[in-house]
């Protein structure tokens, strides 16, 4: 495809944060032309009233999903389990389908059932989808027309652990991931728990055990490791900071971890290794990543015990959702991988 | 009354922030014994599940208002216009009634109608109520059995302006008050505007003109001044900081303002004049007042223009609501005025 | 100049927030090529260690100002009074000079002295500089080689008031501006007042009277109005929200204000009028502007009194500093005015 | 001692947060009379200028430590390693000494050396001190005259793990503690890392391995367990939330953990078990504990794996420092254990 061509894009469920973020990025993408955005609740309303950052940026109005016209790319930003139930309907509208929900991420219907507590609505279609994580599936993404965007927490865990597991160096001990997340991860609907006076000062463990994204991490990471995830909400709006506690062989030092990360991620456009000896920005910090597609990775060895603390930071709505999806789409279409994802982030922020 | 006696207290509408704060203060008050707390939505639920700071502090459970028994003091913490409509019902239950809502603050039914857009449900009773602001109405509060607790924004404006208006020194020019407030002022119910991702970073003018508390300020302050109020929400949870721009005679200096404040407030137990030449805490700051009954007041003259900037800071739920009510009750019963209101506030906070 | 040409840029004083923000924007600007960044304290250090958002974005290292080579554009991001004292030194290095400080904003040396308490170091040069506010000085900026970037608070006041003063409709009464600002406005150096535990929850009046930017507003705005500014710091990092209280003729309504704004700003690429009847984003909010060059403007009439409340929101480091400067430079060079300033801002943020 | 007697108190190093918090609590304590507060930097300054919450609460001025007079209780709130070096000097001034620093917490000089990188200045005195944690050392505290107040992070880890280790039920696997802490833990001195624009939005791993409080936890907890601690700073000012990942025998359920906690902590006045099935306050949250001496504890089992996630929340300056010290002093003197520590905390906060 040449630089002047554009694919038309329809975003289904565009009033939430994931759909809104895809819209923001797509409006600034030279090869994408957003022609439709749906919202049942806001049909007829200008997009800029719901996403006020887009005032003056688009004249689009929300329409109902029932009024969807054909588009080259259909982006599904629907609640869990909604996309899979209606997938045939959306396949009829577009050649390329990107799902931002969890519906098509897990390959095994049994794992889906164990994780989500119900049968998958379209189990025969699971095999058609590529897990939308470019760092692990870049080759499969080339030409892909079904992209299941990776989960935000899953991405933060997977990208931190992948090098050590790919190289097969982790000791077979329990891996403990602790994820700190901002309030946007819970979506755009107000609830008692998101009420500002109850949330602004809170450090709240909301999923000590049983986080659903654990299933994605176990599926994607080599070695069938016992990976555990505890999720804590923080006063931030965006961002995930995950620490992962794992165990490396005797004698390993920071240098060895560094080599492993370099070997696996040396050419990755959106992964930065952040490990600085002095100053105040020594490790990854989601503060610096709002609006960017970076995943910053760091680590520190406890040489006395063989414990390594891996750290990852992302913007849950960009590298954790919509940016990851754009990056995957760029790869699928043969566009430069960073297209539309150039924002560097702010400092201070 | 001697120190060992206690009045029984029933709080009607105790699941909100105002009722919860009255409950917190009353549980720690040596002359009060809370025997009942009502909540239609939470009837049967232990109080500590709704107000988690009170876990282990009380075994009370919410009951329905219909099950209200008699009490010495009935505290009404109901939505606007609810208390007045049912006032006869509550009068039958208790000798002393404290209303935390706006229902009995305005003396003139016509002003009530102009402010709240409907007729007052019990206009003949308005004359029975004392406006619950001890600094202005201490003598009337002695022995009072109907106390209409002053509004939070009104209190911040009134206490800043009262000395200069009482002494009759302000020039007859428009007075501009700008109030910055935390999210708790909007109450305990979740809404789109209180959704954490939409509110955490926001500086939002929510009432540029027409704030209802303006009517209280105009009623209470001498001189029939043109007082204007603009209200802005901030990322804090508690607290109000109000600046008031007014005009003093030629030649006035900070020293004159200081004298006026001292003359009027010199004996007030909860008013502190904060005006320090150096350091970082030079003026009132609500950060320091969470949980306290203080109103900190400051000021600064622009001698070139005769403009004086008055500043007031309070905790909207304490000096702005429940603490103000306890202080008024203390006066009405002849108890030491600071009883139950001893908390000094935190630093850092 | 054609699209493929680039001007070389040297940033003097690039370790602060203003210089860092100009750098961030310039790195993404197709017609600018940053070749030098100076910092006395950080000479030899990679830029990305001080501005961690720029990790992987540039290989530049800080150098000392003494090692400055020639460049097409020299951007001065120095403390107050430093640029003017050394202006001859910088003029020798570059054809175009942009000063981000206050040194060349005021035209009248007497006003400078009254405002800054000392004589201007280069009063004879004041006439060479254009005040870098495109909305007021677009024509003068064409071809300009000396641009004194407008102050952040001044910009928020000027852009709110300009239409009504240009059209001559304001009544001759005192105008009260109240500005709420984030902590980045005080710069990148740690101090007692910026210590997080003392600042995170603070609402602190830091300049009730005598703010220096008042002089800029009085210089730039027609009509010689008595404009007063009170500045308050908030828990945000970026952003200014300013309310301006002014007085319009009898009979004026919102519609008249709207017409005035439209008439004056109808073609402005970075001004948006934000006044929505419903929803939660009814007026300007700096939350939505981090990283953008927008100035959002709103207003509300109090028809009973003739008072109008004007509201403006900006990012103090972009439209208040570096973005404003880039916009001015774009105009001076005949480039599209929005070049390099396309970022739409985030929602949620 | 009868209720009417008071001990005189001298606070050495009273301008920091720990000393200031002890002062706040002691001023409200019926058996304590603070007669002296020292600060080298602020000698001669009224205490209320440094701790603005205490304006109007005390007329004390800071003095230099060299001017220290005798007192019943000498409280040392000095930087690490300062108290031990000058301990003879302070022992000459008071009968009871409470040290808020880490100097006398570790019993073994070799562990001290390994932890703090230097020899202990007074190793022969280490045996005289009681580790100031009432839940573990209540009996030793009775009559104690040397109290080494437990570290804040250590307290959060120790109190979470103690029941399961005391009862000997934990499996011998690595225990991973992850502590989230507010900015006040780093003290009252401004630094680059505490500069508000760099800290307000940050989630920053500041001690992934090697946290010094690990030595305290290992000393105090039975079983010689491999306990690891990762410390992360958050945007809060006060508070610690710690999750601890440990392993219990096959077949254990929440009920068994609950029983263990009840058995060990059933009579503790400041420990609350927080584990609620519904609502938004299901686990411990430091948001609710600012200013209180509570340690809230929660837990959740992952029955598939035998992993238990323990959670603890405290105010680092109260239960983590000054409140813990007051509680220990109350025990040592035979006063009611909750004296002076009655504050319930705020909601909302």
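We just call them A, B, C and D in the order they show up, numbering each chain from 1.
To be clear about the criterion, a residue touches a chain if its C-beta (ideal position, glycine included) is under 8 Å from a C-beta of that chain, and two chains touch if they have at least 3 such contacts.
Since the model is a prediction, treat every value here as computed from it, not as a measurement.
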item: Distance-maximising chain from chain A - centres being C-alpha averages; value: B
item: Of A-D and C-D, pair with higher C-beta contact tally; value: A-D
item: Chain A-chain C separation of Cα centroids, rounded to whole Å; value: 35
item: Euclidean distance of C-alpha centroids - chain C vs chain D, Å; value: 46
item: Gap in Å, rounded to a whole number, between the CA centres of chain D and chain A; value: 39
item: Multi-chain contact residues (two or more partners), chain A; value: 17, 184, 188, 192, 197, 201, 235-237, 279, 285, 348-349
item: In the complex with chain C, residue positions of chain A that touch it; value: 17, 20, 24, 27-28, 49-57, 184, 188, 237-238, 272, 274, 276, 279, 281, 285, 288, 290-292, 342-349
item: Complex contact set, residues of chain A against chain D; value: 173-174, 176, 178, 180, 192-193, 197-198, 201-205, 208-210, 226, 228, 230, 232, 234-236, 239, 241, 243, 245, 247, 279-280, 283-287, 298, 300-302, 305, 307, 309, 311, 313, 348-349
item: In the complex, chain C residues that touch chain D; value: 17, 182-184, 188-192, 194-197, 199-201, 235-237
